[in-house]
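First up is the structure itself, then whatever we jot down about it.
Letters are used for the chains, namely A, B, C and D, taken in the order the chains are written, and counting of residues starts over at 1 for each.
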Amino acid sequence: MPGGGLHVEIDVLSAFFLLPVFGLSALTGLYGRSYLEDGEPGTASSWLHLNLLTAAMALVVVARNGLLFLLAWEIMALAPFFLVIFDDRRESTRHAAWIYLAATHLGTAFLLVMFVLLANLAGTSDFGGYAAVLRANPTLSSVVFLLALIGFGSKAGIVPAHVWLPEAHPAAPSHASALMSGAMIKVGIYALLRMLTLLGTPPPWWGWVLLAAGAASGVLGVLYALAQHDLKRLLAYHSVENIGIILIGIGIGVLGLAYGNPTLVALGFAAGLLHVVNHSIFKGLLFLGAGSVQHAAHTVELEELGGLLKRMPWTGACFLLGSAAIVGLPPLNGFISEFLLIYSGYVALLLPTMAAAAAGLITLVAMGLIGGLAAACFAKAFGIVFLGAPRSSEAEHAQESGQPMLASMVILAVLCVVIGIVGPLVVSALTAVVAAASGLPVTEIAAALNPASGSLAVAIALFTALVVLSALFWAAREWRLARAGVRRAPVWGCGFGRPTARMQYTASSFSQPLVTQFRLLIANREAVLTPDGYFPAAASYASDSGDPFLRLLFAPTFRWFRRLASRLNVIQHGHIHVYVLYVAATLIALLAWASL
Amino acid sequence: MTPGYAIDAMLIVAIAGALLCLAARPRQVLAMAIAVSAVELGLAASLWVTVLAKSHVTAADDLFFVDAFSTFHLVVLCLVFLLCSLFAWDYFVDGGEFTLAVGTARRFGALWLGSFAAMMLVLVSNNLGIMWVGMEATTLLTAFLISLHPDRLSLEAMWKYLLICSVGIAFAFVGTIFTAASVQEGLGADALLWTRLAAPEARLDPTLMTFAFVFVLVGYGTKAGLAPIHSWLPDAHSQAPAPVSAMFSGFLLNTALYCILRYVPLVRRALGSGFADHLLVFFGALSILVGAGFIVFQRDAKRLLAYSSVEHLGIIALGYGLGPLGSFAALFHTLNHSLSKSLAFFAVGRLGQRYGTHDMGTLSGALRTDRVWGLGLLGSLLALIGAAPFAIFMSEYQLLRAAAREGAWLVLVLFLAAGAVVFITALRQLIDMAFGDAHSSMPKARNASSSILLVVGVIGLLLFLGLWMPPWLGDAIGRAADAAGARL
Amino acid sequence: MTPPHLFAPVSALLLAPLFVGVINRTKAFVAGRRGPPLAQPYRDVWKLLQRGAVYGEITTPLVRLGPVLNLATLITALLVVPFPGAGAAVSFTGDLIVLVGLFALGRFATVLAALDTGSSFEGMGASREMHFAALAEPALLIALATLARITGATDLGSIYGAITTASWVHDAAALALVGVSFLVLELVENSRIPVDDPTTHLELTMIHEVMVLDHGGPDLGFIQYGVALKLWIVGILLVGIIPLYGVGAEFALGAALLGMAALAVAIGMIESAMARYRLVTVPQFIVGAATLSAVAFMVLLV
Amino acid sequence: MSAMPALLALIHAVGLLTCFALLGTSRIGACIRFLSVQGMLFSLVPIIAHDDGFTLRVLLLAGANICLKGVIFPAVLLHLRARAGFHREVEPFVGFVASILFGIAALVVSLALARELHPALSHAPFVMLQAAIFLIAIGLFLIVSRRNALIQIVGYLVIENGIFVLGAITVVETPLLVELGILLDAFVAVFVMGIAVFHISREFGMADVDRLNTLRG
């Protein structure tokens, strides 16, 4: 191939990231088999591009040559385009596809600069060569770090480069969204980590940048998610949030490297990496669940759904587990990684260096806020979709999805539980990967991780106690009720006799208090028609949460460019005399310049 | 046969074909075009092999001279003509109201092969005067190809093309004269022989070479469509029949650029490397920016492609201005651009025939109504806006590397910015053209296997070159790049 | 230590309802009534456990899971909460994270149970609960963080074990601030006045009560017992930062119990003295608490 | 050849006059005739300028030039004027007085430029160098400032003349083939442009090219 060898290599880090790539590809493939009706136009090509995406992701992860990496990266960027535009009859879908490809191309521009810079200084496009130059030249490393953060961050979905996620994920078929959100954006994280391994010892401010980016993405992501009433958009924004969490972890780890504190390094990277896997599990699960909902009720508009748990118990159960996991509730896998992260926060707190302590505090605040808001968001998502009474006839007549779809969801759900239960083992299993990512010796990492896994072991014991207790109470209650008797009755409606499904609390109203409180950040447009008079004719509340960054930053910039460019029109006015004059003028100008 | 005759043969075959066309029936004309360009491609290939073996070939007592640089262009030229002729068959034979009357067909054939011959003359001539003659000839011959179906718009476009380019070419001749005059010791009648001028012992007067290059740059630059003297280009491209537009963008512009490039080594020798390179970089960057700017608000598909040609010619010029690595990238880019741009014009032309317009608002849902050419449109435009893994991505990457190596960071950033603007805006149009809603009235197209072959072949080639450059090709382009810098 | 480690959980299980009783009795006393006997909460729970249950028509098993899980999480949480002078039953690095996690789990279960009924009242309650909890969680984390920074320990047992008069001498300001924010959290987490009025009868103004509106029988019993336990737990976290070892380890237990009683009375006083905030001002109340802890932390850093 | 400079001076003077006449007149016919005069005049330059004198080659080229520029081109253009049916030029973009003023300015500039260039082209007669630059300038000006397609062709041919002169005086000797090629090109160019103008005038009913501005953007 032009200008580069075909150098591939699998080390622990690559192998680690290959897990979600291949695992999720297999499961989504299984799911998609029955999700897509055959004979529907574009089905075949969607399979082609799904596999192309998998292959490209794998190639990116194992590539050790700049040009090869770039090629694989671009294929990985192009393949999903055709997945996003699958349902191409809808204008919104085409728009989403455009946003997606435009965003990823802008990211690539930065990567091009980075790789060109490196290739010229190193004289080779081999990663080894890069490392050699970078270690020697700190300024260069800082430049490369920033370029990499922007370039790879746009793929991972770091605010404000996240704008494509909430457009692309809802548009794509659900299993494709699952793969993109579960695996593809993680490849962005992988690339960032890979660059970090080449960059040499980081100055503290890298850690701070990562931490800040992570905190921003995490908090804003979950806030925007709260404002959504389209299930898949909501999930997309949660991907932004979780990428934020991962980045916080990496940021802590980098700070640890900068301050020479192995414990921080180990905990930070471990938390980030473990969350990579966890997120790909439960986010994959949730997207598949959303797919089943769409398949059954033909919509993912929250206000149209409800009461699906009775109609699709398996899907509901899996979705519930997924929600609990992503919120970070014990004893599921989400809790393990967030435990590590908060734990590292506390470790940082106790450090004498003021900066480190501040970083610890920031981590705690961010994680606390994210945790609470995420809980609110998924209480809403699950509660509105699966509980209560159906809000539309489609939801009324929803059917449970077929075996293959259930199978892949159940597998993922089980994984959520299992990783949670064997958390300590998982943490100590991470040692090698963390060592590879951080460049510290394995023994140090292991030493730093041991207490954490120890604590987790105790925690797990507590959770078993919890489970036993709940079982106990449940049994007791049932035993009691068996004699005291159970009645069913309509719920309390303040005396109103005939409650209907439309009278239930809606998604918008559920999140309205929080949305209003953070309206400054969410900046979503509300159209409120408040009831007035004794017999109000109509009252309505509609909220449109188009992405603020897209609406207030990128779209205006784009329009400005258009206006600027259309000014050029004046030179192409169609008068041949003046065209000839251009030729003459250019000639004279050049002659003048040359004779100077 | 000795290679020298290959050159003569190429010219003779083309001219003979042109003359024969004057007495042929339409289908014969189109068949003739295909046959001739196929033969020429063969000859060019054989010539290429010999040149790669023995660095250069001369014929007709030094009147003709080809080195790796010109043979590379020859091969691309023949390739483009072959593709265009193949497409012309589709376009004219079952093109509805586009089918040719006998007179028109003969005129088309004669002019088509005539301009083919003229371009070859430009590429093979060693005498700068003859090169100029050939260039002027292409202008005069292609003028009536634009208004093959004369109507107001095509006549307007044709007149603009004719007048502006003639004036430009006239300036180029002034440049040629200055070059000849700048030879201090009298080479006598050989004062216009490139081989003599480029020879190490030739001493050229700096002042005159300065003026000469300025005139040449402006003169041939007008024909090559460098901004800001590209004004004729969008009109001509949008009004000409699709095969002609494809040939214009596919190679006519490159021929003009080739002429400029022939002067660059002379200027380098006379004035050191700075002067010419800076001018190339400047005009290249300017063309990129202007092209990108105009692409942003285009409505007409063919005009969009025309401005994209301005941009890409700018890229190529920029490359030549950026040292050996840049020249390599520029040459590779020439090949990629010619292939993808021709295909793009084919697709737009065919779809235009079906939709009866080139307005991108109306021209939507191509993939639904016409899978083959819809695919062609999608593939070629994706390639043109620089999406990987198409070959253009690779040549642009190499260009960036060249820019970085020269330390031209400003240019690099401008290039990337313009590229991003083009990508984003053109993609918006492309998505609706390819995937949008089609008129329900539009019947599904049934395409000849030849056109399927054309589309798949070209896209395949672009993908192949994007993923893997065969060593021999890389070597050949490298040799061409050296020849371009007269590092013989 | 002299007293067995199980002292903390056992005492909580036994005394938590009494804590509620004291609060109610105080309120009654201030209002000039005799008020219910101190043992009333025990009776209520016992009575409820005897009852049968009524479930909404469209509910799923989730509605039954909520109270059970909530109670279970709180009892589990008891195991990591140290009792001054007795320490915690279980104590390990990062147990405070587990504590927060358990609270979150219990809350999540309760909220889902509420949403399961499909009643708009319970939806409203759930929404508010989640809203305030989302703000309370960071507040709790920061408060604990400040304590950790002061004591240099990362498990509740050692943190509370290490708070001595000496640390008060050093970081009086910080500890005081943390104390205040704990008090606020005590009121918020358990929806007491001025955040929420557990005794109101107007659904639209309720938070916690309206969320459990449609629970009855044993479930309600579980819930009320849970409320008592949670009051106790946060109360312990508050009382624990008072350096009771100052009076000597042997008196610590008694002193702590006295402290709890005092806290109960204080809460009663507050409930009698203050009016309920309007819902929109509640978030500011909580954020204020979080800010206090954050300020405390800053005080430590500089 | 002592008469040479004098002759050149004469040609130069008359040539300049023809230019000013072209700038000043509004009648297309007149323009064409002035052009033919100018063409014939400057065709003589190579004979005089080359001090190696009357070689057959030079004579032959000069003859070809004279009959081409003096006879054929005017004929073609006049015929075209008759066919296209327009006799006077409508008011041009730049008025005739202004055009004359431009001519004077161009004269000055060309003198300066010639002075600039002359050292590099020492063997070329100064007056002719200046004339060449002047002709090119005037030709350009005609193309830019006139509405009528025919006059634009005239302008193009004036440029052609200028270039011819430049070539004749600077390049010592160019191969016959090249010369002929160049002539042929000029010849074809005029015909092609003629046909184009013919089509245009038939399509649009006139040859005022300022109406040709539909294609823009």
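List of remarks:
The rule we apply is simple: contacts are C-beta pairs under 8 Å (C-beta built on N, C-alpha and C of every residue); 3 or more make two chains touch, one makes a residue touch a chain.
Model, not experiment: these values are computed from the prediction.
With chains reduced to the mean position of their C-alpha atoms, the one farthest from chain B is C.
Highest C-beta contact pair count among chain pairs: A-C. The distance from the centre of chain A to the centre of chain C, each centre being the mean of the chain's C-alpha atoms, comes to 34 Å. Inter-chain spacing, taken between the CA centroids of chain B and chain C, is 79 Å.
Taking the mean of the C-alpha atoms as each chain's centre, chain B and chain D sit 32 Å apart. Distance between chain A and chain D, defined via averaged C-alpha coordinates, is recorded as 71 Å. Multi-chain contact residues, meaning those touching two or more other chains, occur in chain A at positions 569, 572, 576, 580, 595.
Residue positions of chain B touching 2 or more other chains: 159-160, 163, 167, 211, 234, 294, 297. Each chain pair that touches appears in this list: A-B, A-C, A-D, B-D. Of all residues in chain A, those touching chain D in their complex are 569, 572-578, 580-581, 584, 595. Against chain B, the residues of chain A that register as touching in their complex are 1-3, 67, 70-71, 73-75, 77-78, 85, 88-89, 94, 97-98, 101-102, 105-106, 109, 112-113, 116-117, 119-120, 558, 561-562, 564-566, 568-569, 571-572, 576, 579-580, 582-583, 586-587, 590-591, 594-595.
Only residues 117, 119-121, 124, 136, 140, 143, 149, 152, 156, 159-160, 163, 166-167, 170-175, 177-178, 181-182, 184-185, 188-189, 192-193, 195-197, 199-200, 203-204, 209, 212-215, 217 of chain D touch chain B when the two sit together in their complex.
The part of chain D that touches chain A in the complex is made up of residues 93, 116, 140, 143-145, 209-210, 212-217. Residues 63, 127, 129-130, 132-133, 136-137, 140, 143-144, 147, 150-153, 155-160, 162-163, 166-167, 170, 173-174, 177-178, 180-182, 186, 188-189, 191-192, 205, 207-208, 211, 234-235, 238-239, 294, 297-299, 303 of chain B touch chain D in their complex.
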